[in-house]
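Pasting the structures here.
Here chain A shows up in two complexes: once beside chain B, once beside chain C.
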Partner chain A sequence: MTLKEENHSEENLPATPHHEVFVAIDGFALLFDVLKSSGFQIVGPTIDQDAIVYDQIDSVDDLPKGWTDVQKPGLYRLNQRNDDKLFGYNVGPHSWKKYLFPPNVALSIGKKNEDGWEFQEAPDDPPKLAFLGVRACELAAIRIQDRVFVGGDYVDSTYQKRRQRILIIAVNCTQAAETCFCTSMDTGPRCTDGFDLALTELDDGFLVEASTPEGKAIVDQLITLEVTRKQQQSAELARQNAVDQIKKRMDTTEIRDLLMSNLEHARWDEVASRCLSCTNCTMVCPTCFCSSVEEVSDLAGENVERRRQWDSCFNLEFSYMNGGVVRDSTRSRYRQWMTHKLATWIDQFGTSGCVGCGRCISWCPVGIDLTEEVAAIRKDAP
Partner chain B sequence: MISNASKMATDSPRSPSLWVPKTVVIRKITPEVENVATYHLAFTDADAAASYRFKPGQFNMLYMPGVGESAISISGDPESPELLDHTIRVAGNVTRGLTQLKPGDTLGLRGPFGSSWPMGQCVGRDVLLVTGGIGLPPLRPAIYQLLKRRQDFGNLHLLYGARSPDVLLHQNEFDDWKRSGLTIQKTVDRSVFGWKGNVGVVTLLLERLHSFDPSNTVLFCCGPEVMMRFVARTAFDRGLTAEQIWVSTERNMQCAVGLCGHCQLGPQFICKDGPVFRYDQIAPLLTVEGL
Partner chain C sequence: MSGKPRLGVFKFASCDGCQLSLLAAEDQLLGVADTVEIAYFLEATSRIQPGPYDIALIEGSITTQHDVERIKQIRADTHFLVTIGACATSGGIQALRNWSDCDEFVSSVYATPDYISTLATSTAIADHVKVDFELRGCPINQYQLIEVIQSVLAGRRPRTPVHSVCLDCKRRGTVCVMVAQGTACLGPVTQAGCNAICPEYNRGCYGCFGPAAQPNLVSLTDQFSANGMPREQIVNNLRSFNGNSPEFRVESDRIQAEQDGEQ
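Up next, the complex of A and B:
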C-alpha cells in the first residue's frame, strides 16, 4: 500500500489510531481500583535496589514518581527528575517476559505407584495480570515471543495460558535513553498496537486510548474528559521528544546475510576478548527464550517434578552433547547469541529477535554494544 | 497490525502441554554389544498405543524420572509400533540410568519428534545407506521399510563401519537383510584375529562400490559429523550431488519442539527441523566450528 492510500484509510493512520480521552492525575488512582475490582493483579514499575523493576504494585504510590533512568553502555543509574512524572524513565533490567515465560516454572509431575510411573501436567493457575507501563519496544517483544511460543507448530501451554490472562496498559515514551534504538528496529517509540490501553503522560494527567473492548471497559469506569487541542499538541510534542532523543542507530539492511556470511570475521575474536560470557544480556533481553529443564525429586525418588528455568547460550554446558561442548569458546557463544538475535531469528520466526530496547547494552558489565559490533562487521563488508 | 501469532496467543483454545510424558513399560531388553542394548517399550495406556505412529529416522524423548530425558532414535519397524525399539549406548546420566532398569519397569516417553528419512525419494532408485557404529539403529526402520517393499527400489547397499568387529550392531539380522535383497559391506578401524573383512574407514567402501547408478541414487548417512562430511565428499567424487544425500544430525535436545534453544545450528532447530536434513540444507553449517 502506498503512503497516499494509507492516508485514506483511517484505521491505518499512525497519529491517533484510537479515540483518546483525558484522565487527570488526581483521577489516576482510580485506575488501580478499577483494575482490582475487575479481577486483575497489577504489575508495574517500582523502585527496588536502585533500579526501576517490574513487580506487583498496589497503588500510585508504588510507581517511581519523580525518578528517571540514565543509561549508557555498562551503566544504569537512577536520577531524580525535576517533576513528578510517574513514567519518566525508559526501561530497567526486568522485562514482562518474566510473567509470560516465568524464570522457573513446573511443567510436569511424576508419581511412582505399584504399577509404575504416572505422569501429569503440573498444576498451573496463573492470576489475571494487568501490565502497567509497557513500552512500545516491549509490546514488540511480546509479539516476538508470541511467535516463538504460540505461532509455530508447537504451542507452549504455560506461555499461552499466561498470555490469555493479561491486560496490557502501554505507556508511550516521552524521552529516550542513550541506549535506545527502537527507531532502527521499527518497534517504537510510539505504541501502535498490541495493547488494551495506551497512556501518554502529560504534566497534569494522561491521554488514554483504548484499542480493545477489554480496554474500553476499563476506561468507561474512569473519570474522563474530552481531550483539548492543547493537550493533544502537548502529547504529540512529548512523544516526538522521544523520537528526537534517540541517537543510537543500527543499520539492519540485509543484516541476516551480512552476519551469516561473516561467521569467521575477526571481530568475533575481538568482542570475545571483552565479553565475560556472564549471561546478563540474555537475562535482561525481553525476547531471549532459551531454557533448561531440571528434575526436582523427593528423597524417596517417587515424586518427581520437572521444572523449566531460564538458561543462556552463554553458559558453557548449554551446548553439551555426548561428552563434549559444541560452543567451547566465548567467541562461539557471543557469535551464537548475536547471529541468532539479529539473523537466524529471521529464518526461524520471520522477525528480528531484537526490539532495540538497549537493555543488553546497559547491563553488559563491560559495555559491549551490539550496534557497534554490527557496524564493525558491516564496515568490512564489500 | 496485530500479527497472526499474537491473535493465536490471545484467542486460540488452550493447547495441551507438550511436556507430559506417556508411561511406557520395558517389555524386553536385548543386550547388543558392550554398553549398547535395545529396549523394547510398550505404552501402558491403550489409547496412547493405538494412536502412536512414527516414521524412520524420528526420535523419542525417553524420561527417567529423577534423572532426566534423553533423545533416542527409534530403531524398530514403523509398521509394528506396538513395541518400540530404542537401541541405546551408554553416554550420559539417563542412558547410564537405564542400565539399572529391568523388564517390567516403567519410564516416560514423549514423541515421536523430528524429520524422517525421505522414503518416497527411494522409489525407483538405488539406495546407499552409509553409517558407522551407533549410527545404524536410526537407519534400521528405513531398512525394514525398504526390504518390505523391495521391488519398489533399485539396488540397496548398506556400508557399515565400526571401531572393531565386536561392536558391529544388529549382526544377527544381517543374514535376513541379505536374503531380502540388501547387500552389506562392513569395515572396521581395528582388525582382530579371525576378522576376514575390510579394514579402514567407511568411505573406502563407498569409493570401491559398484552396481549403483550415481544419477539415480539416494544416500542416507548417519554417524559422527566428521564421518558424514567425508562420506558426502566421497559421494560427490562418485558423481552424487548434495541434493541426493540426506544426513541425520545431533545436538543437545531438551524440549524436542524448538522452544528451548539448545539444539540450534544456525537457523535450524535440530530437534524439529531435523534431525534428518538434505545435505545441501545443512552442509555449510557443518563446516563452521562451534556454530
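Up next, the complex of A and C:
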C-alpha cells in the first residue's frame, strides 16, 4: 500500500512512514470540496447533545473547533479549549462501526405471491463515505472488524460493501483523555497504517500524509507546501504530547491464561454487584460485533423482512436457547464480555478484542473500568 | 377458538391513555378488526356483548372493592387475559397512595367524604387474578400491542424485549445523558419499549416501562447519590408510574428507611 515517492529533500528529519506535505488552515476547507467532487459524503466529528459525535458534516464549520472533552470513568464533559484546534479532543460516544456495521439493517425480504414465497436479498446501495478524524485506536478497531466480518470463511456482505466504499482520513492524537490506554494495547496514538490520509494538526495547518493512491489523488488537488523542519518538529512534539498524557495502563502479559485460569475469582461477584448489565460498554466498543436477527412482517403476513440489530452479551435474552437462558446472572455476563474481549478473542481471531480506546470506561453509567478489573485479578495471580 | 375470536377491552382506575394508544393505532387496528370480533370496548363502541371473551385487554389498577369483584368476573369470562399499561401491571401513579394516608386524601379532596368508597391501596391486576401476559408502558407502545394481539391470535409467544432502555438508546445513537450531562436516568434498570425517547430529548428515563430483567437498582441509585442527587429525590424518581412494581418499590423503601434511620 505504500506509495513510491521521489526522494523528499530535507535531511535529518525523523523518519515518517510516508511523504508528508503541509496544508495551511485556510486551505483546509478545500478538502471538503475535493471530497465532495470525488463523490464522497463526509462523516466526521461534530457537536450534538453535549458531546463530540460522528455525523454527516458539510464544511469546516461543522467541526468542533475550539472544543475538547474531559473523560473519567462514567463521565464525559465538553470543555472550551484556549485555541481554535479542530481535532483537539479524543474519542467520544460514537465509533465508525455505526457506518460499517449499521445498528439496524434489512438483510433479506420475502413476499408472498400466488405461487408461494419469493425471497431475495434486501436492496443495499451504501454511499461512498469519507471518514474524517479517525484516530489510531479506531484504525485498529476497523482492522479488527475487518478480520471478523470479511477475514474468514464467511464474508458479511453488508460490511464488505460499506467497507469497500470508504476513504479514511486519520488524525494523529495530540492529546489523550484520562481513559485512553492505546499504548498498552499497541494501537496508538500514532497512526501508522490502515488509512488513506493522515493528518497532524499544528497551530496554523496540517501535516498531511498519503498512504494509498486514493489518498494521494485527494492531496494532489489540495494547495500544499513543502514541510519545513520546524513544522516537522512541532508535529513530533504534538504527537509526543499524546503519548505523555496517557496514564492509564493495562498489563497484558499472558492475559489470556490469566483470565481463563481465574474463572471463579471472587472479583467477578464484586464487579457484578456494580454492573447494571445495561449493554452500554458493548454498544460503544468499536470492536464489539454481536447482533440478533429477527423477522418482521406486515399485519397481513405477506411482506416479511429479516432485520439485523446490534445486540449484546449483557442482554439477558441474548443467550436464550431452546429451554432457557445460558448466562442467567450479571456475573456470568460480565465475565463472558471481559474474557471474550481480552482472552478468547485471541484464540478466535489472533488479536485482542480491545484497542484501548477507553469508551467502555467513560460510557459505563457506573464507571466500571476494565483495566481495574484486570488489575484486581492479576494482583492475586501467583 | 371457533369463529372470530372475541376481544374485550376493560377499564379500571386509569387515565384511558393506553386505550387511546390502541385507538391511535388505527391503521394496524383496522387490519386486526377484520380478524376479531370486538365484543366489549366502551371507549370505541357502546355496543356491549356479554362474555365469554377469547382475549381481554385490561387497563387500570384495582382501587375499590367493586373493582376486585369485577376483575374476578372478567377473569372467569376470559380465556387469555392481558394487562396493558403501568396501572394494570404495577398499580400506576395512583399507587402513590400506598405510601400515604388515603383517608386523609379523601377528606381533604371531597366535600362529602362519606360518598367515597375506596381501598387504601392501588394494586396491579396480577395481585388479584391470574394474568396471562403483561404489556408494560405508560402509555403502552402501540406496535407492541399489535404484536401481542397478533401473536395471541397466531398462538405464539409475543416478542416484547426485556432488555434495558440503554440498548435502544445506543442503537439510535443518542448520547447518554447520565454520562455527558450528569442527568439521573432510570434507563439502565428500565425495560425497553419506548425506543428510548426521553434521552433523545435530553431527559433521563422516567421508568415508564417498569423494571428490566434482573435490574441492579442499588448500584444505579448509588451512582445517583455519587452524582449529588439527594436521597429524597431518588425516592421520588423511583416512585412514579411504576413505583409499586416490586423492584422499584423495594429500592425506594430501602432508601427511605436509610433516610428515616438517620433522622
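Here is the rule we go by: the second predicted complex is superposed on the first by the 367 of 382 C-alpha atoms of A that agree within 3 Å, B and C clash if a C-alpha of one lies under 4 Å from a C-alpha of the other, contacts with A are read in each partner's own complex, and residues count from 1 in each chain.
The rule is simple: contacts are C-beta pairs under 8 Å (C-beta built on N, C-alpha and C of every residue); 3 or more make two chains touch, one makes a residue touch a chain.
As the structure is a computational prediction, the values presented were derived from the model and not from experiment.
With both structures placed on the common chain, the touch criterion links A:315 to chain C but leaves chain B unconnected.
Legend: residue contacts after superposition of the two complexes on their common chain; A:283 is shown touching chain C, with no touch to chain B.
Legend: residue contacts after superposition of the two complexes on their common chain; A:146 is shown touching chain B, with no touch to chain C. Legend: residue contacts after superposition of the two complexes on their common chain; A:336 is shown touching chain B, with no touch to chain C. Shared-chain residue A:194: touches chain B; no touch with chain C. Once the two complexes are laid over each other on the shared chain, residue contacts for A:156 go to chain B alone; chain C is not touched. Looking at the superposition, the partner that touches the larger set of chain A residues, chain B or chain C, turns out to be B.
Judged by the document's definition of touching, chain A residues 294, 311, 329 lie at the interface with chain B and also at the interface with chain C. The touching residues of chain A, counted against chain B in their complex, run 107-108, 110, 112, 115-121, 142-143, 146-161, 163-164, 193-194, 260, 263-264, 289-295, 297, 301, 304, 306, 308, 311, 313, 318-323, 326-329, 331-332, 335-336, 339-340, 344, 347-348. For chain A in complex with chain C, the residues that touch the partner chain are 48-51, 53, 74-78, 93-94, 98, 103-104, 273-280, 283-284, 294, 299-300, 309-312, 315-317, 329-330, 362-367. By the touch criterion stated above, chain B contacts chain A in their complex at residues 1-6, 8-10, 12, 14-23, 25, 44, 63, 65-69, 91-92, 105-108, 250-252, 254-255, 257-262, 264, 266-267, 269, 272, 288-291.
Interface of chain C with chain A (complex): residues 28, 31-32, 146, 150, 159, 161-164, 166-167, 170-182, 185, 187-189, 202, 213-216, 218-220, 222-223.
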